[in-house]
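Shared between the two complexes below is chain A, which pairs with chain B and chain C, respectively.
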Partner chain A sequence: MTNNPEYFKAERDQEWRVALRSQIKNKERTSRERVKMPEQDPNIRNKNSLEVNLGLTEEQAVSEAQRCIDCPNPTCITGCPVGINIPKFIKYIEARDFLSAAKTLKETNSLPAVCGRVCPQEVQCEAQCFYTQKLKKPAVAIGHLERFAADFERNSGKISIPEIAERNNIKVAVIGSGPGGLAAAGDLVKMGYSVTVFEALHEIGGVLKYGIPEFRLPNDIVDVEINNLRKMGVEFITNFVVGKTSSFEDLKAKGYVAFFTASGAGLPRFMNIPGENYVGIFSSNEYLTRVNLMGAAKADYDTPVLFGKNVAVIGGGNTAMDSVRTAKRLGAERAMIVYRRSLDEMPARIEEIHHAQEEGIEFMNLNSPVEYFADESGRVNRMRLQKMELGEPDSSGRRRPVPLTSSEYDVDVDMVVVSVGVSPNPLIPSAVDGLNITKWGTIHVNPDNMQSNISDLFAGGDIVRGGATVILAMGDGRNAAAGIHAYIQQTLVN
Partner chain B sequence: MNKIIDKVNFSENVVKLVIEAPDIAQKRKAGHFVIVKIGEKGERIPLTISQADPEKGTITLVIQKVGVTSHKVCNLNPGDLITDVVGPLGQATHIHNSGTILCAGGGVGIAPLLPIVEAMKKAGNRIVTVLAARNKELIILEDQIRAYSDEVIIMTDDGSHGNKGLVTHGMEEVIKREKVNEAIAIGPAIMMKFASLLTKKYNIPTVASLNTIMVDGTGMCGACRVTVGDKTKFVCVDGPEFDAHQVDFDELLLRLGAYKNEEKQAYEQYLETLN
Partner chain C sequence: MIDLSTKYIGLHLKNPIIAASSGLTANIENIKKLESNGVAAIVLKSIFEEEILQQEKDLKNEVQKDSLIYSELSETLDYIDIHIKEDTLNVYLELIRKAKKETLIPIIASINCVTNYEWTDFAKKIESAGADALELNIFLNPVDTSDKDFEKTYIEITKNVTKKVSIPVSVKISQYHTKPAHVIQKLSETGATGIVLFNRFYTPDINLEKLELTQANHFSNENEYLNVLRWIALMSKKINCDLAASTGIHSAETIIKQILAGASAVQIASVLYSKGIDYVSVLLKELENWMEKHNYNYLNQIKGKLSQEKIQDPAAFERMQFMRYFSGIE
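So, the complex of A and B:
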């Protein structure tokens, strides 16, 4: 759990690690090629909803683990938002003690099977790896190894249920069941609190369920984690919108003494261009929710969804990639990404961009829609694009796209998915009087303990950061759990 | 899971259900709605809360069979469980005293109109209500509406009850005869469109309660978006009530038809399974 160099050093000096290091020469370790993740064939997988990545075999994992030279100064850890002891878990894999590897991950990461699949490792741990930094070679495949260890544990049927402190009967409410809420619930229940997670939707999991598709993160994997939390004593209440079904005051009257809000960045943005409300134009949230949460593409589910032949997805993030690849899988002949900057600036995980390219997604970079047109039934049938070029860098450091005059042209489409970002869900911010909100609508918190200006209200994840990542939401959840614990000890127990 | 306590068949296609939902019954105000889902593979549909009893912990919904899901809801019986009910959602009606309010309810829109009529009456307004439907059978909740209205005018397409004619005929009669300070219209989109055109002509501020397609009902998806005064609004969180004169009803009508073919086909298949 601790994040200090002495602790990492003490662990590294353990006999088994010393012995392991001497077994293979560093030269030999660094001469190996990075493992390649086995995948479904692109032309088969773009017609099914099964997972694209098949997972490393034991032999592949051990061999990849051997590439890691167990650096005296493991810089990879600095790139991990939750400070996983990366060399330790990798060396356990090398030693073929896969269950210990999984246990190591779980010291700081409650959802390793999820993070191994969806974290942007190339800008986190793997960016700080000795291979990337010093050798200018492909990093150790930390993400693939994380997934391997977590999957091994799950498939072994020997999932370790963490120890739970004696129940103290102090009630804590968690609002939202995405990764932020789940991580906080896990830590709080371990400390002995009675934890209730309130979720507005009929399913637990937040974006992990309604947003990220099966082919990238199967629901079963999320459900295993949720069931573990249930076994640990976390209570889940679905169909409950805090601020609507009950107010904070009502919940306080029912005995809840502290709140963690992880209500996400659920409000989809549109571009406010003419024609954007035509039939067949969805937000990515709507499109993905219909398909992932509501099963709309399956014959025996009641919710409908439109199937497009020529589908344009506007945006360059993970959500855009998920939408366009979903449209392809649902039969689109042309599935296009329309993004106003170049390929290099796309915020999606690199792996998703590669996968999308392999699956036959068209990338129309340096293009932006300016208007949509529809047939007499109101169904979109054409979009007008404007070409862009890259100008001076903007405040984000990325080069700003500048429209090229008289560059407009039309493309036939029968479905459009707008995926240009999300704003914080305003439900909770507007339900609490006097809560400190930033000008972006996110909840303002003290980053050390995630406490808002209302002392019993803590918050984290996308509702604090705007659209961010799974791992950051989880890190916030854990941080907030510690903050809530300290708050309760100070104010109530003493 | 929420239990059905009572059921009344208003007509072959319109049913009233009383459902156990204590938290919602506590919090609900006129204008609020719930999202309901039947079965694991069901669809989420919005239904306005027509009445609630906080003591008994129940809410009342009035549902018309129009598609697979509403049909499934109507087929439930006392003792049955509804898989998912969430709410109360949306903004409550702004209840205030403005003088004389002309309330227009079309078909199953009479059900969501009832709590508003009741609250507006209790706030001291004079209430003139026009209820309209295709025929006598589809005029629902007439007695309850009468209890909170100073006057009720009934309009049916076929003249089987009240006067023969459209809702707008009844409304115009009132507008011509007395000073109307405000109007409220709830019913099919097309009815609200014409009601709104009428009151615009007479410069009477009007509220319409929009019945868009919804998925989550919490502002997360934008399926429910409409244009109101050149701005895109989400009906589930910004509404369901809006200034009718600002609503783009033509866009609303097109968007309501988004899944027309899919729905028709699914409904036909579903009806076959019932036989």
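So, the complex of A and C:
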């Protein structure tokens, strides 16, 4: 990814962009309202698994693209972990050259349709937009436009495949097929390497498939992106656990000279309160994986997931929102978020909270479970909540939840999903002798090139960050690909 | 044959010497060494609530400095306080299990808490891990200027914990109370099976050359037992639970004095640091020698012999008598 201002300036000075800028005055551009993403009706969508956001029409996309003033100093790019040339792709949309817009996205982002749907743009590119920073107005809807361009290309049937360098027959292994792994694989294959992605599960996509529900990110969108990588020459091997099925040494013996580990943070954490082992209490990882990846909500499934009528989801992050909205779609009459801080402190994206509220999710803020109870068969039937208040801010500036004494009360539940965080997958860290691990169990790497202390092992995504976003994992994948390339060139080729 | 055995909080102890909670009781090697030198029970190093809160603060600071660790939307970091507590507790539970597996003497777990939030649940886990008893080291900072009712917090924590577990629960308290007698009395009525008098705090001093604060005595000295002795003698016959003396117990003579005042056991730490773990066997020998010399066969024969109720001048342990004594000095 290039962050070269000269490059961006040269691109901006191209004739077509100069002409486009002169067509509409900035005053007019900035006076327009931000486009609103069309959505399914809340009372309909909360009973189906179809995508909530319907995507912009061509007219909406062009109109929104016209809001972008094509800044001489495009600060939005600094907020993008993969350095997309944002003004360029938006101006292509304004010029109605949607395929070029998609091609621009793919210069630095191998999964634009995914990122357009799940990236927290409001804290990344859109937070750095001129509108947000200077005008104090809603940012240009960069995420919506990204999705529009990627969807247009896919629906057009004219999907562009990036240029691939001549094959050099040097083998590189990518461990994990989530966003970090896919991004690294895409870049490495473009550079001419023979890339194999090893995936432990039976499906490619990692958290994009097992973690994010269909109503936010349809699996077929992910599949299209994966197929593009296949067409580019990436080999995928499923049901293969590196460190168990084969060791690193086995893979080295088969000719792999460098490894990128993006094995994620799939180990769920619990609160360790009494009764947490009762039947009907899941981690969000298990619940979402069974529904999203295994099809356990289907009637003919051999080991179906439980369908709760009164479902409580503990936590306030995006995974909690995904879980509670899934439970609602699977028939919960009462689907509750139980979160110990207030709505303002929730780590979930504002859009997800808003969607959940519209869909009838009950928000029980300033509450925390202290105990679960079960019926004779061991199935959870009640939870005890304690009310909280917000105390003094902690070192990070967030107000600490403080329990209110004698405030406990009981709520009937028949299913609970615990979504209070994850730990890094311990498999790779424990499979490599001498690998430098942080005290949080993540792999310690050089942030410039994602190289670990084992020179041929690079890592990125949640296994390094402890739980990040799709786009940050992808940024790591791209950084690591560049790092692996430099490593191979220095140590093997020269 | 001198029988030094005693009963403390329902535990049968082969002698009255308990290794107090300290850095020496934090690892299995020292625990085994303490047992082989004769201590009758061990209070494991406390799991400190304040330490956990500090760890949480440190982690958050570290996360903010680390460009790679992602914190903005992380659910894990949102609940990091709970996860740190869980991790710390798991390490502690493992120490309990190991100590129980590798020793034969009673193992008393210890919680140093400043709030009454989650400690009741932790107490249950400590019981499940096999601890023979639990000591609550409740520390509420006496320099707090709010009108918070500290005594009430002591009682609430004790009540909540004793309700949850069936193992004996003792409470180690500070001497900073408006009415220590009332607090001791209330705790004994709340369900505590033992009270440890008193815990010892960090004491600052001033370095006159460098004009900076320094730590005063790291360890107790041998005269610090006197205030403990007084309260053991005053309260031992007034309450329905056991008392253990702690702070300033450096010699066999002091142990005997505390037992005479009514203590069921004593807790030692500083002397183990200053004279070594093997000094326990010296203390035990001297204890036996004193008993033999004074024709006592059982520790119970001397227990409480000089408590306030048993002596001819009960006011000797009280403040009035203390005042009269000093008013006579010109």
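Definition applied: the second predicted complex is superposed on the first by the 489 of 494 C-alpha atoms of A that agree within 3 Å, B and C clash if a C-alpha of one lies under 4 Å from a C-alpha of the other, contacts with A are read in each partner's own complex, and residues count from 1 in each chain.
Keep this in mind: contacts are C-beta pairs under 8 Å (C-beta built on N, C-alpha and C of every residue); 3 or more make two chains touch, one makes a residue touch a chain.
Worth saying up front: this structure is predicted, and the values here are computed from it rather than measured.
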Touching partner for A:L427 - first (chain B), second (chain C), both, neither: first
Partner chain in contact with A:N239 - chain B first, chain C second, else both or neither: first
Which of chain B and chain C A:N272 touches, first, second, both or neither: both
Which of chain B and chain C A:S283 touches, first, second, both or neither: first
Contacts of A:S377 with chain B and chain C, given as first, second, both or neither: first
Chain B versus chain C as contact partner of A:P120, first or second or both or neither: second
Which of chain B and chain C A:G55 touches, first, second, both or neither: neither
Which superposed partner A:G316 touches (first chain B, second chain C, both, neither): second
Common ground on chain A, meaning residues reached by chain C in one complex and by chain B in the other: 272
Of all residues in chain B, those that touch chain A in their complex: 23-24, 26-27, 37, 39, 41-44, 68-69, 83-89, 215-216, 218-223, 225-227, 232, 237, 251, 254-255, 257-259, 262-263, 266
Residues of chain A touching chain B in the complex: 200-202, 238-241, 244-247, 250, 266-268, 270, 272, 276-280, 282-283, 285-286, 289-290, 294-295, 298, 300-304, 306, 377-378, 425-427
Complex contact set, residues of chain C against chain A: 56-57, 60-61, 63-64, 67-80, 82-83, 86, 89, 116-117, 121, 124-125, 156
In the complex, chain A residues that touch chain C: 120, 123, 265, 269, 271-274, 315-320, 347-349, 370, 394-396, 403, 405, 419-423, 440, 442, 445, 447, 464-469, 472
